[in-house]
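One chain, chain A, links the two complexes that follow: it is found with chain B in the first and with chain C in the second.
Our next item is the complex of A and B:
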């Protein structure tokens, strides 16, 4: 039975690759704004997709496949995590 | 990771008189990579004519410097970022722009324009290959646009070619020109005790072994060298550098590019004739626990090295502080001639800088490729429907209007752009002394594959025609030589032919080569790219009223200068319309090329023409159509009147013979008279 699932896709630079956006937010906004206890910021992109699928696993598989096939992210640079939950 | 060959390691240890430790091997490995050391190409590059009345600084430095009169200079440099762009098109292309801009800054001049010459596999159709090419194309253009637009330097010109030999790959050449005052050009000197200041981005594990990565054919496993652009930091670095130059705070500047600190420190120390003593703990590391090797060879972006003395150091520091740029004093210039690298006080590398900076040159075998004779003759196509062939050529992505590309670029920022992208044969930029510079990049992989010597002559001839058509006098060129592996004798032969062509052309035209770059190992699992030299031509226009565009005016009389010959090899008509690779490539006759260029320049400068356009890819028919489209008018020409040795109509229309110009005029009698004389 096909059900609706909400799938979250998070695309972020790999940990050893730098992230000027996160660094700038951290340096110029967070630390200058007085929150020096915050030690780092990493920026990422999130997509939310509603998917018809038989299970959470199925929905994640579909989205993972489309992200790779349609070059939603570049595996050389970024990690992509896919997480489904019931919509 | 053993980047040195056995012979190189033996040579290094012989010169040192002792075994080289791991850090030393990594430093030397980065500097002796093909990318940094030019070990295969140097012997040939020495043949290039590099002197001229305007040349203040020739090749070998970060950028060439030309005197444009009235106390002003023009700087120019070209680089490629092929390997990084092939795996990460957005970041690769963007950081390529960043690198070439820093080269211009290193001379103490302000970058005023960026150019890009791009090569991809065909992008038409639904095949997986075409999709991949489109992805590369789209993101490379986006990367260039994003970087240039963020930093406020206009991207004003370039060219794009599509050819199947770039499958799974791409060539991304970026050039930049800069302007400044002659007295502010960095003289690059250092005294004992001067400080070495590393400023800009922090040093991370990104781009480790990038230079040696670029010196290897592209394989899946070494796709680790990815760099992330930070244009805003580069903008800060640019403004801080310009301010430091104006205040006289820096004695030498060097940008950090391929090979990271290894190349930067060894080359700077060697060229300044001073030893360096540096402490790696001072390097602002992005991650904890980075080893000395990693710190020395990291290619993190947006970093510059400044040399300053004790008196000016506080002023430089206050400028960097003002722009919120991170920096650290790495060490000092010393009386000895070594590059001494310490980590927590302990010496981890200690070698003569000149030894590190001068790799033993490689002797490469060279052999004329067998395919050349096979492709000399090609089957002649059945004459196509000429109208349909013309339409097909005009919609060929290599020839078609490139507005999709340049509309993404801010090409006006800085308000110097006089002739804008798509509006002229070359971009024309206003200079501070009231003169104008015309600049253009040209390449033709299809011609260069079939005949590397004539093909390269052709690229130079086309560059000269492009700047002449804007009303400029050519003053210098930069060359970017891109080939497959130099260890393949057949590929190396094509490289040597290309250099010979540049030597012959530039000597004959008395045009200096003021800078350049060589990029080898442009290969994928599917093989090497076609030989792809790209030439950047610079021209100078003294008077605004000489500036000429190709737009045909209503009622203009059309003249063609130059002879059309049945030279169809590598033409877009053969390759794109008929799918034929082979046949005789257009030959450049140097004397004719010079005479035709001089005649057109005279016509323009005597105010006799309303428009001018060079005849190149797609031939006469395409050139005329482009002029008509630009001028929003139609035209009628008698093809029989064009000087020609062609027997077929399609050859006359689509041959890409060199040294041809089309001009429009409202004074036909005077043009005829001048051309006759």
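Our next item is the complex of A and C:
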């Protein structure tokens, strides 16, 4: 029976790519703000999709497929992780 | 010779390109709306700068799925010269016609100023009027212009002479190897971040020379030579 799931899609640049946004947040806010125990920040983009599916796994499969098919992320520079939970 | 200029909601350099082609270079250019999925009677296509679809998700990706870009992909495969300028370069990359990606400038700022580029490959339909290593003045105006690709792709681009233009006086955006323009392996598809249509007439050029018109003159001479051959 189909249920509603909330699927979070995180699109993040691959480690070999400089992330000036994350570096600026780290340097100018986090470290200057006194949190020197935080060693790095990487910025990413998150999409939240509400999906009808039979299971969490099904919902993740659908979203993973659409992300690749429709180039929701650029596979040359980004990784994409998909995680479903009950809505 | 007829050139098509693809127009999307959010294109804003289409009229500049149209003006330069029609009134300065003397080629006939027409606007083609993005919903058109069949294009015939055109010798080359230009995808101009702007913010197609408001750069939603990331620059170029929504336009890359449009009917006109599917048609441009087909025409490019048959050898039609295709030039993407700024947002047009982003669209070519997102459509898979060119490799890599264009990310946010390393300064995190929109950069809008004059710079210089050096011609590294003068055997494309868009650079054949220049000599190799010739430098010229040209403006950039972009937020997402940092060209990035895997080290393997970059190595391949260099080996196959696909790096067409490099920034030569400064680094406006943090691009790998100062890449300002690349072409595909066949050389008929080129994407460039700087704006030649804004540097094709002396009256609006910082150097007073309008030498970036060489990009469009190259295309004109390429098409003429091909017509004769």
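We adopt the following convention: the second predicted complex is superposed on the first by the 87 of 87 C-alpha atoms of A that agree within 3 Å, B and C clash if a C-alpha of one lies under 4 Å from a C-alpha of the other, contacts with A are read in each partner's own complex, and residues count from 1 in each chain.
We adopt the following convention: a contact is a pair of C-beta atoms (placed from the backbone, for glycine too) under 8 Å apart; a residue touches a chain by one contact, two chains touch by 3 or more.
In this text the structure is predicted, and so the values were computed from the model without any measurement.
**Q** So, does A:37 touch the first partner chain B, the second partner chain C, both, or neither?
**A** Touch partners of A:37: none, neither chain B nor chain C.
**Q** Taking the superposition as given, does A:16 touch the first partner, chain B, the second, chain C, both, or neither?
**A** A:16: touches chain B and chain C.
**Q** Contacts for A:24 in the overlay, against chain B (first) and chain C (second): which applies, first, second, both or neither?
**A** both
**Q** Check whether A:72 is in contact with chain B, with chain C, with both or with neither, and answer first, second, both or neither.
**A** Only chain C; A:72 stays clear of chain B.
**Q** Which chain A residues contact chain B in one complex and chain C in the other?
**A** 13, 16-18, 20, 24, 71, 74, 76-77
**Q** Looking at the complex, which residues from chain B come into contact with chain A?
**A** 87-88, 90-91, 135, 201-202, 204-206, 223, 226, 228-230, 232-233, 286-287, 300
**Q** What residues of chain C sit close enough to touch chain A in their complex?
**A** 57-58, 61, 64-65, 93-94, 99-101, 103-108, 148-151, 153, 174
**Q** Spell out the part of chain A that touches chain B in their complex, as residue ranges.
**A** Residue positions touching the partner: 13, 16-20, 24, 71, 74, 76-77.
**Q** Touching residues of chain A toward chain C in the complex: what are they?
**A** 13, 16-18, 20-21, 24, 70-72, 74, 76-78
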